[in-house]
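Here's a structure for you.
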Amino acid sequence: MDPRKLRLGFIAATAALALAFLLPLAPQSPPLSAHPIVWPIVGAAGILFLLAARLSDQRATLPGLAGATLAAAASLVLLDDAAVAGAARAGFWMIVMACWLSAALGVVNLAGTHQVRGKLQRALDLLVPLLFGLTVFYLWEVAVRGFGVPPVLLPSPSAAATRFIHSLPTLGADFVQTFVRGVLAGYFIGCGAGLLVAILAHRYAFLGRGLLPLGNFFSALPLVGVAPIMVMWFGFDWPSKAAVVVLVTFFPMLVNAIAGLNAAGHIERDLMRSYGATHSQALTKLYLPAALPFIFNALKINATLALIGAIVAEFFGTPTQGIGFRISTEAGRMAIDMVWAEIALAALAGMAFYGFVTLAERATTFWHPSYRT
Amino acid sequence: MTSSSLALLLRPARTLRDHPLVARYAPVLTMVLALVAIWYVAAVAMNWSLVRDGFEREETPYAMSDVLAGTMDAERPLLPAPHQIASAFLDSVFGYPPLAPRSLVYHSLVTLSATLLGFLLGALFGIVLALLIVHSRVLERSLLPWIICSQMVPVLALAPIFIVVLGALGLHGLLPKSIISAYLCFFPVAIGMVKGFISPDPLQLELMRTWSATPRQVLWKLRWPASVPYLFASLKVAVTISLIGAIVAELPTGAEAGIGARLLSGSYYGQTVQLWSALVAAAVLSSALIALIGLIERETGRRMGAH
Amino acid sequence: MPKPSLSIPDEPIADHAPRRLVVDAQSISLTFDTADGRVEALSDVNLQVAEGEFVSFIGPSGCGKTTMLRVIADLQQPSSGTLMVNGMSAEGARLARSYGYVFQAPALFPWRTIEKNLKLPLEIMGYSEIEQQQRVERYLSMVNLTGFERKFPWQLSGGMQQRVSIARALSFDPALLLMDEPFGALDEIVRDHLNEQLLQLWKSTGKTVLFVTHSIPEAVFLSTRIVVMSPRPGRIIDVIDCDFPAERSLEIRETPEFLKVAQRVRNGLRAGHSYDE
Amino acid sequence: AETVTIQLKWVAQAQFAGYFVARDKGFYKEAGLDVTIKPGGPDVAPPQVIAGGGADVTVDWMPSALASREKGVPLVNISQTFKKSGLELTCRADTGIKKPADLKGKTLGVWYGGNEYPFLSWMSKLGFKTDSSPGGVKVIKQGFNVDPILQKQADCVSTMTYNEYWQVIDGGYKPSQLVVFKYEDEGVATLEDGLYVLEKNLKDPAFVAKMAKFVKASMKGWEYAKAHPDEAVKIILAADSTGAKTEKDQKRMMGEIGKLLGDADGKLDVKDFDRTVATLMSGGSDPVITKKPEGAYSFAIYEAMKK
Amino acid sequence: MPKPSLSIPDEPIADHAPRRLVVDAQSISLTFDTADGRVEALSDVNLQVAEGEFVSFIGPSGCGKTTMLRVIADLQQPSSGTLMVNGMSAEGARLARSYGYVFQAPALFPWRTIEKNLKLPLEIMGYSEIEQQQRVERYLSMVNLTGFERKFPWQLSGGMQQRVSIARALSFDPALLLMDEPFGALDEIVRDHLNEQLLQLWKSTGKTVLFVTHSIPEAVFLSTRIVVMSPRPGRIIDVIDCDFPAERSLEIRETPEFLKVAQRVRNGLRAGHSYDE
């Protein structure tokens, strides 16, 4: 990153900390200098920012992030003070801003690091989004607690995390019910069916012309309307959720797979023709490999849709288990921290699922221009 | 009718079978007929025990044919017969003035407006996001995982709170619904377009490099046209998702009007056939939207020399 | 400029008579319908090729050589005319896997290594694993690419890719070879080497070869007959027999007979051009 | 005029006739109020809306209100519209269920989302486990209709006297073929529709005065609706934007709602409140409220009304 | 086989001295890291090209000619060595749009018509509409493709596509031309024609040209210097000066001087090959 911008940024962060000493923290709170533990932490953060500003190159990342951590700690300690929580004023927000600014600079600086290779690069690839996420969660936490947002609207991430840890058995059972049973089964059937129909449509023009509009038609059925019908047909347990997932994943796969099957080049098709290759040979050796980038596109989109689909379907009738069941009931009892714990569970499961698909994509479509370097 | 199908009509054909219009619509017709036939059989099979139980509860003597007839016009069937749906659909589309609350046209329009706005917002946002991701390594690394994460959050769970917050900000009516719909549909566009934007042939990218084209020129003259196949595949997926999103979003906004409201009240008041015709309306709507995108795709392809 | 579009060589064809016709094209025409008008790529082309012949096509860029090969390979349907390949329809011949085709561009599959690219037709035609491996080795070494088995196409230079595509077409040993400028991207030494290899192969196996080239010496050196074409509409304007002894070496390129034939080809070629130089 | 926004707990229907009638008949206008009625739905949580500033006053059930009170949104009951609970468990007679003890081992449809507490405390009173373990009952989360009983997926379903019960009847069952357990009769009834506001607003005399006018005008609306049910239904139907409500449904609902309404002034009976709290605190392993709520109701509005 | 890898022609270079160096490469090496080992594509290459020179690269397939051109064009970073182009870094020269590059493959944009493909660099460099139109006409007629403006690339033959790509590189009149086998897919007549056109252009504009070819006569005919390369690792094994009079015509290809130079090139080329024929 441009060293001048970097320096300017860290100086701004230091200035914000200085302002925190001058401006009021909260209406009923003494100034920052009167908080025995907090002000030295803030001071230390300021010194680290100055150091980072002096270095203003790759090396600035470390003091910058360390300073950000200190500033974050200071602001969180302040929030434990009842006088500050819910009534924070400019002085407090200055600390938050300094933290955010230095964290952002640190992340940008880190992400711009090119020189490293191999394992270190992998670690960086993980670290950057992690730091980014931490910053977001930090901002969320201080915003909720600093402004005193009612917990029934939005809990603080720490509350949701606490709830998460205390409800692990429930979350585990919900995960099995929704993800392992409903999502996975539906995902495989839905994606498989989409691919199959795409292949048929590609192979037989007649079927293609006839099936495509019908495929469009059925996949356009809205989730909220279909879910109750599926419950009616397939019962309250996971098969009805899987059926909904089949419906939502079918179409993205169909559309993408057809686009993919048409992506094979013309000379390559001619080559297969010149070999008098059978359709199944052309399919496995040319059309499917050429379609892989598109198919993975659909697999990724479907990974998210399947999860949402299964969860939403659980709003319309379930046994007393599942992520969607829990979210809807806990929302009704205003246990929003539990709702967010379930959301976090869904997000974690979904991310892992997505990550898995991405790995598979990288392993099988390495040859695509988008991966070649 | 499009100009191309008009041209098809005018071109003489050797036999009826070879007529381009026949070639185009015969398959659809065949499939639809096959589907309807299967549907009838399924309707009989699925509604059978329901209707029989009904007769038994009434304690009236009944014959097989009575049950058979019953499966064709049950009031709360497991699967309504196609003609039931068709007549309910036609009735609710044409039976009332188009803007009456009982008319499906009215509800479809309500949903359509939220869908279109949501689709527009979502597609734009998705494309912009893809652009940012393709052009900035920082954003790619830090944003992408969280964008994916955002899609794992079930909207239906957050929609109510979301509506409340937007309401507190003074946003009512169309916009909150559209934003929920956009939230759902931007993702396929973003993912598809990231792929599309990085799909150009390396040789073509290098050519642009030799001319030291600016990133913007590379975008408009190479990445954008090269991503067109990905764009249309994404848009088709996005538009159906956007419709589904708009319908989902109608529930936490009080379900006052729109296809979602119709679905809810159909279910709530046990009007099964009504519910099905609302479903059909949704499917018709999104088929039409997909067809429209397909039309634009073909026209774009023609201009871009597709063969 | 020779006026009549000839389909039969000037010389008597008695010596060809007993041999089976591999390609028999009767007044083939092909017109492309494009958005801004029609392009007559082939116009009334007549061509008979007997088994074991080596026929080169030469002509200005865009005259229809590739199109002609594609028609024979049943990759494109002529607008009119009749065509028999190996006594069958072109489609029948294709389905019977009667020919190997080297395209003008390498057309390698990016997801397959060089080795796997070579194996592609062999897999399709159901060769055993061992047989596949043997052939890959044999033909890779023939085009001098041993050691590149595990590379991917984009890791090879243009000429190397083209050689892979040549090896691929030879690998399943088709009786009819359709080659569209196979040696265009190769340097003189490799080209000479491959010319000799091809000649060797042709002589020893009695294959029939249809060969598009832009190099007049190459055409004269390799062929039993040279077909000269002219563009818009694509027509055959000259057919030249050149029966050099079977045991020829590269040196014959300096002989007067050779140069005479080459000059005739050059004249035909020039006639087909619109340059007024 | 002063503005008041009221958030309903459920979709606009005869259950909320009083407010619609008061608005339509100009009772609110007479009181100098400009009232906006926001319909609810399956995903609308009134406490969230009011906490987010989306409404001044909301119609809610007491379990939900007390739960949010414990979770930090101090809702206060200012008026109890419904004296009696309309919640019941409706079973098919052919399942052999005659008395509550027969429920053992049966599959029961229950509404969740805050509506499950009366059920849970009833079951704990009966000594039945609700986690599908042997010796208990099998609970399924029921959607917003009675399909599970019609499709025989459940032996009993939750119904309201004013709507779902009649859906079962419409589904082909005769009252004699059904066994109904009213929560009111089982001694586990909790208070249903009442009016709730945020506690901090009650410190503001202007707000109290406004609410006094509102409650008074609303009660006048309820009186009118009770006296003129047909006209009330007409008003509801005219206000219906979903086009799904039928006169038959709403008339029936109006009749049943009339039976639930209490005295003309709708003042909370502290005995009822205590019984509700007792029910909720006995709600099995996971009680909805853990301590006796203080200040969860207020008669301040009534005092202001007298002035 | 000549041992030393030469960077300076054998003859004195006094006449080049006053001229500016357009390319100055000092011991350039480039290694590709692939999954199954490293490929040394360039090894210690030294090359100085003065303004107005026409330098041809010739060498066996896969010896690193394309790689060398790509390094000069800043499309690939050398593993070691220093490189100056037009007195700037290679990147600076690229950003200053100092060169036009004709790739080995046509690399046309399939969604643009021929005309629009030609206009692409002109659009990027901000030429006016009228100027664009004029240049399209001029250069299309130069490669003899007038009338194909509205066709799409796939409607053109291989040679025609290659000609479009040549016209495209010339269209914005760069002072330095990097051409990678531009005439590989063309027949002799068109090739001769374009050779003359290129020579004409070079003479009249004083452009510097780096030219990869497989045709020895072509290299000898066009160049002021010929660089002969050998593969694995890619090295320069000979640099041959060939200062034929500026006003040469195609006929000089028959002169003994010409044939002598050609023979020297051929020898170098053969030395670089591993064939033992």
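In order of appearance the chains are A, B, C, D and E, and numbering begins at 1 in each one.
Just so it is clear, a residue touches a chain if its C-beta (ideal position, glycine included) is under 8 Å from a C-beta of that chain, and two chains touch if they have at least 3 such contacts.
These numbers come from a predicted model, not from an experiment.
Steps from chain A to chain D, minimised over paths through touching chains, total 1. Number of steps on the shortest path from chain A to chain E, with steps defined by chain touch: 2. Listing every chain that touches chain D and chain E alike gives B.
Here the two chains linked by the largest count of contacting C-beta pairs are A-B.
Ranked by separation of Cα centres from chain C, the top chain is D. Remark: chain A and chain C have CA centroids separated by 56 Å (rounded to whole angstrom). Chain centres here are Cα means. That of chain B falls 54 Å from that of chain E. The mean-CA centres of chain A and chain B are about 25 angstrom from one another, to the nearest whole unit. Computed from the mean C-alpha positions, the centre of chain C lies at a distance of 86 Å from the centre of chain D.
Touching of two or more other chains is recorded for residues 78, 156, 160-161, 164-165, 201-202, 251, 264, 267 of chain B. Each of the following residues of chain C touches two or more other chains: 105, 154. In chain A, the residues that reach two or more other chains under the touch definition are 153, 228, 232, 315, 328, 331, 336, 368, 372. Listing the residues of chain E that touch chain C in their complex gives 32, 34-36, 39, 58-62, 65-66, 104-105, 144, 150-151, 155-160, 163, 180-181, 184-191, 193, 196, 214-216, 266, 269-270, 273-275, 277.
Residues of chain E that touch chain B in their complex: 70, 73-75, 94-97, 99-101, 103, 105, 107, 109-113, 120-121, 123-125, 152-154, 172.
Across the complex, chain C is touched by residues 265, 267-268, 270-277, 281, 285-286, 289, 292, 365, 367-368, 372 of chain A.
The part of chain A that touches chain D in the complex is made up of residues 150-153, 228, 231-232, 235-236, 314-320, 325, 328-329, 331-336.
Residue ranges on chain B touching chain E, taken from their complex, read 201, 203-204, 206-213, 217, 221-222, 225-226, 228, 304-305, 307.
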